[in-house]
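The same subunit A turns up in both complexes below, where it pairs with subunit B and then with subunit C.
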Partner chain A sequence: MTEHPWWRIGRRSLGRNRRRTVITALGLAFGYFAVVVLIGMMLGIVSEMVESGTGIVSGQIQVHAADYLPDHSVYATIGGDAGTPVGPLLDSIAADPAVLAAAPRVYGGGLVSTGSATAAASLMGVDPAREVRVAQLATAIVAGRLPRPGERALALGAELARRIHARPGDTVVVVAPAADGSLGNDLYVVAGVFKSGVQPLDAGTALLPIGVLQTLMALGPDRIHEVAVKLADPYAAPGVAARLARRLPVAGALVQPWTVTSPELVEYAGMMRASNWIVLVVVFGMAIFGVANTLLMATYERRREFALLLALGAAPRHIVRTVVYEALAIGVVSLLAGAAVTVPVLVWWHRAPLDLGRLFSDFTLAGALVRPVLKTDDPGAWSYIAAAALLVTALAAAVVPAFRAARVPPADTLAGR
Partner chain B sequence: MRARWAAAAALAAALLAAAAPLRAQSAREIVDRVDRLLRGASSRGTMTMDVVTAHFSRSMEMQIWSLGTQYALVRVLAPPRDAGTATLKAGQEIWNYLPRVDRTIRLPASLMSASWMGSHFTNDDLVKEDRLIDDYDIAVTFQGPRDGADVWELTLTPKPDAPVVWGRIVEEVRKADLMPVWARYYDEDGDLVRTMEFSDFRTMGGRLVPSTLTVHPADKPAEHTTIHYTNLEFDVGLTPDFFSLQRLREPGR
Partner chain C sequence: MKLVLLLRLAARNVARNARRSTLTALAMVIGLALLVFSRALADGGHEDWIRGAVRLGDGHVVLESPAFARSRDLADRLTPGALAAAERALAAPALRPLLVAAAPRLEVAALATAAAAAVPVAAVGVDPAAEARFSTLPGKLTEGRFLAPDDRGAAYVGDRLARRLGLHVGSRFVVSAQGADGQIADQLLRVVGVFRTGLPDADEGLIQVPLATARQWLGTGAAATAVALLLRDSHDVDRAAAALGAALAGRRDVAALSWRAAMPELDSAVKLDDDGDYLMHGILFAIIGLAIVNTMLMSVLNRSREFGILRALGLTRGQTGAIVFGEGLLLTAASGLVGLALGAGATWLLFRHGLDYSALMKGNITMAGAVISPIIVPILGPAQLLQSLAYIAAVGVLAALYPAYRATKLDLVEAMKFDA
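After this line comes the complex of A and B, so read on.
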């Protein structure tokens, strides 16, 4: 295939002042690198937030009775007052290939007291073996252990334990309004203390074996308030939730993905996506002036060449094409150079996140715990968007120089006037 | 003639003086009297409490003691599952005794508005912490015949910065004997939260009292809690020493 002469002229022009070409290309390549890495980093923060926001306790999908939210009524159990056999319900959820694990839960509100100190607490009845596969909360034990199934024991949030001066091995009283109207109360051994990093959980939650809490609250074994589901891919949650809703063996249950139960996370992710565009526009907006300046200088230096071409019969559009092709060639070279650096850096950074834990502590954002770890995520389509933006930048930068070159007066220029 | 006028003036003055206590029965005094009706300086009694909800119905028998607004003790006598459970208010503190685990625990202030024993009463209702006349501005918003009785309708609105939970309370009180008929409790948005009805007016402990109180939550029309006083004695000579943690744990006293 024969190379088009105007393209060849444009491409060869890159070699006329190699230092200038290299500097221009490096500027664009660095712009590409900066945009893709910054976006990868922001996606990494969003990913960390989603993982944390859904992984600590809620799971990526939750199943409730339709009337459970927002009042969290103790009576609003899945399957109504009669409940539903929990085993078949969990089996039907676990049968979905996207589901990693599912855990049943019972919730209540009450008091936890050591006698000398008392605090209000959210009581969470869990199946320990299943819960550790769904919620990081169950694995965040910092002293002692999780209570075993059927054991009259509990695990307290670290701040709650501190407030009531309880330690593993101590006995505490738990008081909770029961479903039959009575005041459930019993003694439990503190099996362990957990620290999730999420203040409301650490300051106000006690984990009990699910059957033990059901007994305290006069709820039968078939009565649970929630099933939390963990998925391999959090972003698949809406689709999986729709599938589960169709196949659940119980009527009237509500299956909700995290995108519904945690709208603040969705909004934050949306805001980060919007800020990706800002990064893109700012970086390449700055680059466009640098490239335009380079091309203006290059075309000014070649005024006589353009004048000669025009004098020999070249049309102004041919001159425009030459300059545009030159800019495009710079863009392609920059893109190749940028991608050659960006991809390995992204992969390395993704595999070896930068842990800033020594400088900053964990913090909560949009209800999710965020670790001070800088990592990058696969920018996916943003790599292509940034590549397109780079080429558009190069082309846009060529517009003014190209038209100026095409308007060179041949006779005057060749005469040195 | 002058003597007749003087006699008439004296008679009129005497009649006015006699009528003065009635006219001076201000809205504030009416509410204060109703507020103290079931409490007295000190009181002792027994009552039953029936709770009907969409999910359960239960009945309890209780023994009660009170001294002013600062002290109260309520002990559950039946059913057996709850017998011995007791609540003590002493000053600003609320304590519960749980016989099943033989422990006494102090109730955090944040749970004062929580349901008591599954009923539609809150912990705050049972220990009656509020003094209505201190915390509310009171106005007579209706007086005259209604449902066959001559009544006052009193509207209580919270004073600025008063630490109360209600946005407004409206009470109806019979003029003839100052017995409350009903009280409606509204939230800060002006929505009705619950209605308390008073009935079965009887003389107990030497004073006329409504021996039955029924509370209906506005958002659950089919549910209600009814308290029926089976025995009440007033001014029984209780002292603050009576309301101790030791007493809280002692059944049968």
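After this line comes the complex of A and C, so read on.
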């Protein structure tokens, strides 16, 4: 196939002034690199937030009694006042291929006291063997261990343990209002201390074996408040939740994905998408000047060449076309160069996250813990959007120079006037 | 040859090729205007977070026992003696103009119990009159009223907590906490008002009670755990903290802590956000710099005959380079001033009442203990404007170096031989 002459002229003129081409392409390639890496980084932050927001305690899907949220009433157990057999419920959830693990929970509130110091805490009854597969909280033990099933022991948040001066092996009193209206109280051994990084959890949560907490709160073994479900892919949660809801062996239960229980996170992810567009527009908007300027000068330099072509019978639209082709060729070269640098950096940065923990402390954003660890995620479609934006930038920059070139007066220019 | 003459030559070159100069300058002008705008927006946003967080929390500066900052334990409270010392320090003349309000607080971790549930909360004894000036909480009322100075056994609770405990205005519930004597003390409270801040931690875990009730319940006498200070301007924090530190020097039981130290999460969020902006600005300037280098370099290479003549007329290599460098400086200076005016002017004209991005944000988003407002009022400070100007000047100067260097390398004979 023969190359179109206008295309060939446009492409070849890139080689006429290599230095200029390189610097122009450098601007566009750097713009592409910066945009894609920056977006990859922002996506990395969002996925990290979704990971921590759902992974530390809540899980990607939660099952509750329909009236449990938002009141968290002690009485609102799954299956109503009679409860539901926990084993079959968990089995039916775990049977879904997308589910990695499911863990039952009972919640209460009480005072935890070492005798000399007392603090109020949320009490969370867990099945330790299942919980470690669902919540990072259960694996974030910094001293001692998790209590064993049936053991009259608990694990305290690090900040809570510090405030009441409790260490593994100490005995604490827990006083909690029970479901039957009485005040339950008992002695427990501190089995371990956990540190999740989320302040309210570390300062105000105690984990107990689920059966032990049910006894303290006068709840039967079939009565649980929540099942937390862990999925391999957080973004599959809405679909899996709908599937689970149809198959659940208990009436009146609500299956909700994190996108429903943590609307803040969804909202934040949406804002990040909007800011990605802003980054894209601003960076390429600035890059336009560099390309336009270069093309304008390149066409001015070659006005004799254009005049000659016009004099030989080329139509102005041919001149427009050759300048546009030239810009497109610069765009393609920059895109190739930009992608060649961007892809390895993305992969490397994804594998070797940059830990800024020494400069910044953790903080919570939109209800999720943000650790100052920067890593990039696969920008996916954004890399194509950025590529399209680069080519559009190159073309937009060519408009004015192309029409100027087409309007070169042939006779005057060739005469040197 | 005189510097003035070189500069005049440079100025003529800039003016002679108006289109090229305009395009180059435009990149800088728009870049600088964007920088000024985005800095003003970021500063406005940060000020908003800080103000929101300090007014709901412990203020710009908090006076408390250094031990309490770590333990949050009632045993480390400010004794009446320490409280009196804090009040004397607050009366210092250097501090008066900076201060808006001072609010004493007696805070304890407690368990709130009603028929439906038991929930851990932070129970805070407050002076209702001081809080009305200090805090945004009284304004977040959704039901009932805020605490009044002569209330006894009254409670102002968050809406999520009220739902969990099944409380309404007029309902009674019990709070239990360890008192000053180490024993568990119970207090019966009556809900007088319900608030909603949008912050889950506050809406589900905060109860305000009158200071007198809290003191009686916990048996602390005329003590407080902290005195929270609200300043006129967040930028005065270090000045106020230093003045208080000097006034309280020698006392071990009370010290001044700025919000940066008291809320490291928020400090970290602000810094990280700032650094994200710096990264974006760095990228922008790199692109602008490349555009300037390219344009100036082209103009140097196009004008080899002109430089050849200048050299033939006796200019040294350095002077030729100086002309090119001067062109860069003039362009930078001109576009710096125009960009600054454009950025500050557009920001002031279009957004002085705030940039409303609530369309992007349906619910509310909280960050490090602050609710992010969907309306940002940009702040234009002279320091930021000068800094932005300095950045663009640095980019312009750096970008002019290489073309100037190229101009010094011109081969005189080759340049004159060239026939355009």
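One rule holds in what follows: the second predicted complex is superposed on the first by the 417 of 417 C-alpha atoms of A that agree within 3 Å, B and C clash if a C-alpha of one lies under 4 Å from a C-alpha of the other, contacts with A are read in each partner's own complex, and residues count from 1 in each chain.
Note that contacts are C-beta pairs under 8 Å (C-beta built on N, C-alpha and C of every residue); 3 or more make two chains touch, one makes a residue touch a chain.
Please read all numbers here as calculations on a predicted model, not as lab measurements.
Should the pairing of subunit B and subunit C on subunit A count as a clash or a fit in the superposition?
clash
Who touches more of subunit A, subunit B or subunit C?
Counting contacted residues of subunit A, the larger count belongs to C.
Per the contact definition in the header, classify A:361: touching subunit B only (first), subunit C only (second), both, or neither.
The second partner, subunit C, only.
Just subunit B (first), just subunit C (second), both, or neither: which does A:182 touch?
first
Once chain A of both complexes is superposed, is A:267 in touch with subunit B (first), subunit C (second), both, or neither?
After superposing on A, A:267 lies in contact with subunit C but is clear of subunit B.
Kindly classify A:113 by the partners it touches after superposition: subunit B alone (first), subunit C alone (second), both, or neither?
So A:113 meets both subunit B and subunit C here.
Between subunit B (first) and subunit C (second), which, if any, makes contact with A:286: first, second, both or neither?
In the superposition, A:286 touches subunit C alone.
Regarding the shared-chain residue A:316, is it in contact with subunit B (first), subunit C (second), both, or neither?
Touch status of A:316: no partner.
Quick one: classify A:122 as touching subunit B (first), subunit C (second), both or neither.
It touches subunit C, and subunit B stays clear.
Could you say whether A:30 touches subunit B, subunit C, both of them, or neither, answering first, second, both or neither?
So A:30 only meets subunit C here.
According to the stated criteria, A:20 is in contact with first (subunit B), second (subunit C), both, or neither; which is it?
Only subunit C; A:20 stays clear of subunit B.
Which residues would you name on subunit A as touching subunit B in one complex and subunit C in the other?
Common interface on subunit A, subunit B vs subunit C: 75, 111, 113, 118-120, 177, 181.
Once bound in the complex, which stretches of subunit A touch subunit C?
So the residues of subunit A in touch with subunit C come to 17, 19-20, 23-24, 26-27, 30-31, 34, 38, 70-75, 108-111, 113, 116-122, 163, 176-177, 181, 199-200, 204, 263-264, 267-268, 270-271, 274, 279, 282-283, 285-287, 289-290, 292-294, 296-298, 301, 356, 359-367, 370, 372.
Would you tell me which residues of subunit B are touching subunit A in their complex?
Touch list, subunit B to subunit A: 51, 53-56, 58, 81-82, 85, 96, 98, 100-101, 103-108, 110-111, 114-115, 117-119.
Mind listing the subunit C positions that touch subunit A in their complex?
Where subunit C meets subunit A, its residues are 19-20, 23-24, 26-27, 30-31, 34, 71-73, 109-111, 113, 115-121, 160, 163-164, 166, 176-178, 182, 184, 200-201, 205, 264-269, 271-272, 279-280, 283-284, 286-288, 290-291, 293-295, 297-299, 301-302, 360-369.
Quick one: which bits of subunit A touch subunit B in the complex? Just the residue numbers, please.
Subunit A residues touching subunit B: 75, 81, 111, 113, 115, 118-120, 173, 175, 177-183, 185-187.
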